[in-house]
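Heads up, the thing below is written out as structure tokens.
Each chain carries a letter (A, B and C) given by its place in the written order, and its residues are counted from 1.
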Amino acid sequence: MDKAKKNTVIHAAAECMAANYKSSQIPMYGDALRMPNRNAVIEIIRDCQKLIFPVYYGDRDLLKLPPEQYSALLMEHIHEKLTRQITLTMPECDENCEVAYAISTAFIERIPAIQELLLKDLSANFEGDPAAYSKEEVLLSYPGMFAIFIYRIAHELYENKVAMIPRMMSEYAHSQTGIDINPGAKIGEYFFIDHGTGVVVGETTIIGDNVKLYQGATLGALSPAGMATNPNVRRHPKVGNNVVIYANSTLLGGATEIGDNVVVGGNAFLTSSVAPNTVVSVKNPEMTFRGKHHRG
Amino acid sequence: MDKAKKNTVIHAAAECMAANYKSSQIPMYGDALRMPNRNAVIEIIRDCQKLIFPVYYGDRDLLKLPPEQYSALLMEHIHEKLTRQITLTMPECDENCEVAYAISTAFIERIPAIQELLLKDLSANFEGDPAAYSKEEVLLSYPGMFAIFIYRIAHELYENKVAMIPRMMSEYAHSQTGIDINPGAKIGEYFFIDHGTGVVVGETTIIGDNVKLYQGATLGALSPAGMATNPNVRRHPKVGNNVVIYANSTLLGGATEIGDNVVVGGNAFLTSSVAPNTVVSVKNPEMTFRGKHHRG
Amino acid sequence: MDKAKKNTVIHAAAECMAANYKSSQIPMYGDALRMPNRNAVIEIIRDCQKLIFPVYYGDRDLLKLPPEQYSALLMEHIHEKLTRQITLTMPECDENCEVAYAISTAFIERIPAIQELLLKDLSANFEGDPAAYSKEEVLLSYPGMFAIFIYRIAHELYENKVAMIPRMMSEYAHSQTGIDINPGAKIGEYFFIDHGTGVVVGETTIIGDNVKLYQGATLGALSPAGMATNPNVRRHPKVGNNVVIYANSTLLGGATEIGDNVVVGGNAFLTSSVAPNTVVSVKNPEMTFRGKHHRG
């Protein structure tokens, strides 16, 4: 064991790291940095699950309370935790941040409406999948339902201009499900995602009611790089009502508008608009079928 | 801080939530709902890992027991936990549920055969990947191997008509690996999945022996919506023996049968059958190569 | 409850398992097997995060130390843990393994340089995404940044011929992000990955500076099976500087070289080289647009 060498190396590297901390363009060292905490944000999601779907996620003991008390109690918890985390996103705010407090209140006010949306999403996710045996199974196990749950929560905070927390939430959903819905997207009722891995829904996407997405469906930007110049321009597609987008189809660009009642078959690649009531199917790509192992 | 407003909002929202709980079509509130517990289900998977691959997952102290005692002890644990969870899927059953008990016994009886299948899968996953350095590495780190492990367990319970638990297991694998194998699929020996993200294998898929799937390979249904009418009709492809399906290829529909010894190249899109001993390769899609930065 | 049957079944199955343990080609039972521990490996990653980005991941109390002491302390921890885990990959080594100790020292020596690379990656990931609001958000939430962080650590160990641990690290990143970068790949500065789900970068890939990959981009091998024969032959593409590869494009084979300043559009499929300064765009696949619901 060359301990002397190790000590020399650590000493030199530590000097170097300290210099790097100091010269970095972002804050790197010290106790001053205030930022929302990922685990605390995940806890808020868990509390929202307990509040919105009590028997599926709630604590057995609390579920003995009258339902008004149960939900009021959870709302108090959520309000307190959310206020603290939002405060941490506002560098100019001290511990008693009125803006953060008011945003939390506005969020709580929206929860019953979010719950109603989620019950519609649950119906859509149950009815859309022939392999689903019950709504309970969909709620407890389906990644699409989980990603939509988090999207509906995160979108509410995004609309209230909360920094960092909405994206923390959506990236948590992404890591658990492979479904990447930017909290800025606007999505209508009865939203359905099947399988889900690889789904991408960009920040300025608009989606109508009764839309179904399958795995790998992308609603993305054309050449994203350099398009941040005008934040008011839509960079992602607009999708109408009653649209189905099958697996691994890619729809790109803010000028791409998909009309009502459109079906986009698997593997499509669209960078322009589609009229309502259209079925888009990709002609099977040209394939070569070559026999092998010819014998005799 | 507008506490008065917060209190008013919470009071009104709590009333609203309580009304929503009551009017919902699915059970939402109360202490009566019996359902399997996701964490308990994951624990059963962990116990199966300890039982089937002891030195890789087992507890150091228990591994000092004679192997018959070690495996009998774990089987007792699994039997007890599984009986409890299966009981929770059966609303008509009380704590002493004979059917659940018998299914657990049948599951235990199958474990040695499952282990033999998994050792064959391990060989396939080691031999199929030039970047693999040892079977131990494949077992401990490869997502394909983990997804196949859970599939073999979940499929056994699916075959015994256990509700909810098989899908909980497969969605756990899905969340960890991006590989979505429905527990209803029937898959032969020496099954290999490389990389795996985006792989989808549908509920009625049939796969032969020695089949290799690469990332993004989909064995799916044609227009899944509305096909639940006849549960006895196969909605997903049938794949023969010794078949390779390369990355991001999509095979759809119950009428699609892939013969033995077929190779499907990357990015294929198949909605009809392929004769045995065929190599299917997609002609490279037509691409435009345009110079940029022309100077002078 | 048929306890007698359960006992008979467990007894027989346990005998069977014990026989399987004994006859298996890989070690299955006993207390002798030495292997790195996945949780310990993840802890090393966490310690590297605390060391390289202190205010974002570090413990509040430790951050009161002078930065040289803070980083030296963490380096001591990492050195000790890493030495232990590397030792476990070397069957011939006892607890005082000089080789493992020296590799850990070499790793520590490289950390300041890794930090500098990661700060450049952070700039690239912030500047490349119009939806990113701050570098802090990118660092804390973006899966691409997390996967690149782990890649830079794992690659260092791979270069030092450490077994198993680099792949454990990269598969941890893969499970969290859907991004699968083999630790053997060589990747230049300012590397950017957006969304990321489904990205695959193979073991012998070479990537230049300022390269951007979008979700589903694959740098893979042609017919991987059977190519392990010559470990010195590159099986995966070489990509130049300033290259953008858009979503779901697949580039395969060691002979495929992508020149500097190339843009590869979405959904491309390339098995041959592309000259510098070229824009490759897939012609939209032929699609059929068919009206539905014709009325009147």
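The rule is simple: contacts are C-beta pairs under 8 Å (C-beta built on N, C-alpha and C of every residue); 3 or more make two chains touch, one makes a residue touch a chain.
Fair warning: this is a prediction, and the values are worked out from it, not measured in the lab.
**Student:** Considering only which chains touch which, label the overall pattern as line, ring, star, complete or other.
**Tutor:** Chain contacts: complete, every pair touches.
**Student:** How many degrees of rotation carry the C-alpha atoms of chain A onto those of chain B, rounded to the nearest 5?
**Tutor:** 120
**Student:** Are the interface residues of chain B and chain C largely the same numbers on each copy, more than half shared, or largely different?
**Tutor:** Mostly different residues.
**Student:** Could you give the separation in Å between the centres of chain B and chain C, each centre being the mean of its C-alpha atoms?
**Tutor:** That pair's centroid distance is 23 Å.
**Student:** Where in chain C do residues touch two or more of the other chains?
**Tutor:** Only 178, 197-198, 216, 248, 267, 282, 285 qualify.
**Student:** Quick one: which bits of chain C touch chain A in the complex? Just the residue numbers, please.
**Tutor:** 51, 53-56, 60, 63-64, 66-72, 75-76, 79, 96, 98, 101-102, 104-105, 108-109, 111-112, 115-116, 119, 122-123, 128-131, 133-137, 139-143, 176-178, 194-195, 197-198, 212, 214-216, 244, 247-248, 266-267, 282, 284-293
**Student:** Help me check something: in the complex, which residues belonging to chain A touch chain C?
**Tutor:** Counting only chain A, the residues touching chain C are 1-2, 5-6, 9-18, 20-22, 24-33, 35, 38, 163-164, 167-168, 171, 174-175, 178, 180, 182, 184, 197-198, 200, 202-203, 216, 218, 220-221, 224-228, 235, 248, 250, 252, 261, 263, 267-271, 274-275, 277-283, 285.
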